[in-house]
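Both complexes below contain subunit A, partnered by subunit B and then by subunit C.
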Partner chain A sequence: MENDIIELDVQKELVSAYGRMVLSIQISISAGELVVLFGESGAGKTTLLRMIAGLTTPDNGTIKVGDEVWFSSARGINMPPQKRNIGFVFQDYALFPNMSVYNNVAYGQKDRDKIFIDELLQNFGLTEFANRKPEKLSGGQKQRVALARALARKPKFMLLDEPLSALDAGIRTSLQNEILKAHSISNTTTLLVSHDLAEVFRLAQKVMLIQDGKIKGFGRPDDIFINNQISGKVQITGTIVKIETQDTFYLLTVVTGMNQIIKVTAFESDIAELTEGDRVMVFSKAFNPLVMKL
Partner chain B sequence: MPSPFIQTLILTGKLAIYTTSILLVIGLPLSYFMAYARFRFKPVLEALVSMPLVLPPSVIGYYILVAYSPNFWFGKLLSEWFDVQLAFTFEGILLASVVFSIPFMVQPLTNGLRAVPVNLREASYTLGKSKTTTFFRVLIPNIKPSLITAIALTFAHCIGEFGIILMVGGNMPGETRVASIAIYDEVQALNFDAANQYALTLFLTSFVILTLIYTVNRKSDAWKMI
Partner chain C sequence: MNIIPAIIQTITTSGGVVLVDLHSGDCPLSALLVDADKLPAWLTTGQQVLAVFKESELSIAVDLSGKISLRNRFPCIVRSINRGELLSLVELSFGEHIIHSAITTRSVNALELTTGTQVLALIKANEISLIQLSTQNYQPKTINNKLSTINSQLQTINPQLKT
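Up next is the complex of A and B:
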C-alpha cells in the first residue's frame, strides 16, 4: 500500500466547448493522500480522473501505480477499468435504479462481506434506507450511497468527480465531512475534482491546480493559493455577478461561496481583465478585521 | 386429432412462440451491438435490420424462397449436408418469420439500451464487473418496459404475419397453414363463418397484447419505444 504511488504522464487532445486543447499532465501522487483537482470547467480535471479510472484512453503516455502499469501507449498496455481496483463516484451518483440501497452497496464486492456492508451503511447513516430504491432518496442520501458503494470493494483509489456540485450548501458541508471520514477510515488515496475553492480548503491535503490542460501548481492549499499570492489578512473568494459603472470608478457585486453578497469598488485598471462570472478573491491588507461572536 | 380450427391456432401460436424465443436470443446481443458499437458501416447494418419494416413481405418472401431452392448455395448446403428442404415446411416459415420480425425485436431493445445513462455502465465497470455481468444485472433490469414491448410486439406481429408465410410456406394444414392464411383460404371458399372465427380470434389476441404493452409502458414513453 505504501508503495502505491501514482505516476502520471499523460497527454490527450480534447475538443470542448472552449475549443481545442491539449491536456498534458506529469505528476506523482503519494499513497494515502487526499488531493483535490481544482480548476475551471473545461480545464481537463474530469478527463484526467477518467483516464486514471480507464474510462477515457489517453493519446500518449503512461499511468503507473506502484509496480503495476495501468496504461502505456509505448507498450500497448491499457488495463480495463474492471481491473484497476478503484472506486469512482460520479457527479450525478449513477446508482443502479433497479437495486435497493443495500444491493447497490454490495454490487461491487467479489465475495459478499456482510459485516463490512453493514458497517458502511451505518457509517453513512443509511441503515434505515437499506431496502429503499434510489429513486426514493434525496440527493445527499444518494451521494452517500454512491460513496459507500465505491468503498465497499476496498479500492486502492477513490476517484470523485465533482461529487457535491449538485447539492445544496448545507448538505454539501455535511457530505464534505463524510468524505473526510471515508478518507480517514480507509486511508485510501483519494482524488476529488472540484471547482469550489471553499471545498478545496475544507478537504484537500494537497491541491492540484489545473489550467488549460496543464498543472499550474501542486501543494498544500495554503501554499498554492495564499502565500504565493498575497499576505492579506482578510480573503474571501467569490464570483462577480455584476459590474456597474459609477462616475470615476466601478462597483463590483461579488457572491461568495457561502452565498454572501459583497460590494467592492474597482478602478478602470482593475476592471480591464474582469468580466461577470469571473472568480475573484476579495482581500484587504491594510486594516485589522473586527470579529463579532454570532 | 384436434379440429382444423384448433390445429391452425396451435400452429399459429407455436410459430409465434418459437420465433419470439429465437429472436430474443439473437436480438439481445444484436441490440447491444447496435446500441453501443461504433463502426463505419453501422448505418448499413441499421438499414438491413429495418428493411422488413418497409419492404413488401412478398419481396423478402421471394428472396427467402430463392435461398431455400436447391439451386442456391444455402438450399444446396441444407439439402446435401442435412437432407433438409425448407420451402413449404414449418421450419421454413419459422426461419422466414425470424428474419421478417427482426426489427420488431431489435428496435425497441436498441432504443431502450441507448436510453440507459452511460454512467450506469461505467459505474458497473469501475466496480469490477464485466460487460456481460453489467448487461444482465444493470442494463436488462433497467430496460424492462422495452424488453416487454419487444417480446409482445414480435409475438403479435408473428401472429398477424400473412404475406411471407404464404410465399414461403403456402397453405399446408398442420404444417404451414396459420390463422391469417386460413382466413384467406376460408374466404376464397366462401366459408365466411369460419373466416370470421379466425378473424375475431386474431383481432382479440392482438388487442390484448397491445393493451398489455401500453399498460406496461404507461409510466414511460410508449410511443417512443414503438
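Up next is the complex of A and C:
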C-alpha cells in the first residue's frame, strides 16, 4: 500500500454552463487517505473522479498509481476502467434492479468469496435484506449496498461522487459513520465529492478545494477553511432561503447547517452578489452576541 | 459589509484579548479581538489585512467636540444618501475608499447631512473584524470579487507591494 501513491497531473478542457474552462490538476495523494473534493458545481470535481476511473479521458497528462501508469498522453497509455481496480459509488446508487442485495454486492467480487461478502453485508447492516431486490430498500439502504458492492472488489481506490447528497440529514449522518468505519477497516484510499461543509469536516482527513478547474487548497479542513482567516469568532454557515427588501436594507433568512433559521440584515453592497439558494457564512465578533440561559 | 484594506502596526495582547492597531492610508484604526488560542500566523506586524465592519455599526458625527471613547474616527465626505422611511444609507468617501453608514433618517435630518458634508465616521474597536488577505488559500467569494479593487487600493497604500 505504501507504494500506491496516486500521482495526478491531468488537463482537460471542459465546456460548462459557465463557458469554457481548463481543468488542470497536479497533486499526489498518499495511500490510505480519505480526501474530500469540495467546490462549486461545475468546478471539475466529478470530471476529476471520472478521469481517475478511466470513464473520461484527459486531454493531456499522466495518472500514476504506485509504479503503474494508468494514463499517459505522451506514451499513449489509457488503461480501461475495469483494469483500474476502483470502487465507484454514485449519487443515484446505480444498483442492478433485477438482482438481490447479495448478488449486487457479490457482483463486484471476482472470487465470489462468500465469507468476505457476508462480512460486508454484516458491516453495513444488510444481512437481513440479503435476498431483497433494491426497489424494496430505502435510499440509505440502497447506498449501503452500493458502498458494500464497491468495497467487494477490494479496490485500491474508492471514488464516491456525492454519495450522500440525495439522503436526508439523519440518514446522511449514519452513512457518514459507515463510510468512516469502512475506511478505517479497509484503509482504502478514498476520494469523495461533497458540497456539504459539515460533511467535509466530519469525513475528510484532507480536503481538496477545487475552484474553476484548479486546486485552491489541499490540507486539513481546519487549515483550508476560513475559520482561521477571519477574526470573527461566531461563524455559522447556511443557505439563504429568502431575501426581503426593508426600507434601505435587506433582511436575509438563512437556514443553518443545524437547521436553525436565522435572520440577518444586509446592505446594498452585500446584496449585489447574493441570491436565494446561495451558501453563505454569517459571522460576528465574539463580543457582539448576547447570551441568555434557557 | 464595509471592507477596507489596512496594514497592521502593533499588536497588544492580554490573556485572550488582542488589540490590533492598523493604518489604512494615513488613518489609524484599531480592532479589538478575542483569541484565546494561539494568534493565527497572518496576524503579525506589517501584514496587510482587510478590516470589515457592518454598515449599521458605523456612526456619523458632524463638528464633533468634547471627549469620546471611540478611537476609530474616519474623516469622510458624504457622497450620497439613500433615504428610507426610517433608516437611511449614507455613502461616504473615506480617502479612496467608499464606505456606508446606516443611520436613522431622523439622524440624517438632525445632522443636516447632504452631499459634500464633511463628517467623522465612528466605530468601536470591538465592531471591526479582520480578514486574512491571501492569494493562496480559499477566500470567501465576497472577498474574491472585491480583490481587484482591494489590490489597487493596496498598491496605493504600499506601492512596493507586488500583486
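The rule is short, and it goes like this: the second predicted complex is superposed on the first by the 280 of 294 C-alpha atoms of A that agree within 3 Å, B and C clash if a C-alpha of one lies under 4 Å from a C-alpha of the other, contacts with A are read in each partner's own complex, and residues count from 1 in each chain.
Just so we're on the same page, a residue touches a chain if its C-beta (ideal position, glycine included) is under 8 Å from a C-beta of that chain, and two chains touch if they have at least 3 such contacts.
For clarity, every value in this text was computed on a predicted model and none was experimentally measured.
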| item | value |
| --- | --- |
| Partner chain(s) touched by A:F90 [first = subunit B, second = subunit C, both, neither] | first |
| Partner chain in contact with A:F283 - subunit B first, subunit C second, else both or neither | second |
| Which superposed partner A:R153 touches (first subunit B, second subunit C, both, neither) | first |
| Touched partner set for A:L55, first subunit B, second subunit C, both or neither | first |
| Contacts of A:F201 with subunit B and subunit C, given as first, second, both or neither | neither |
| Partner chain(s) touched by A:D270 [first = subunit B, second = subunit C, both, neither] | second |
| A:K110 touches, of subunit B and subunit C: first, second, both or neither? | first |
| Set intersection of subunit A contacts, subunit C complex versus subunit B complex | none |
| Complex interface listing, subunit C residues touching subunit A | 1-2, 31-35, 40, 42-43, 54-56, 82-89, 100, 102, 126-127, 129-132, 134, 136-142, 145 |
| Complex contact set, residues of subunit A against subunit C | 209, 211, 216-217, 224-226, 228-233, 247-249, 265-270, 273, 281, 283, 285-288 |
| Partner subunit A, residues of subunit B touching it in the complex | 117, 119-120, 122-130, 137-138, 141-142 |
| Complex contacts: residues of subunit A adjacent to subunit B | 53-55, 80-88, 90, 92, 94-98, 107-108, 110, 149-150, 153 |
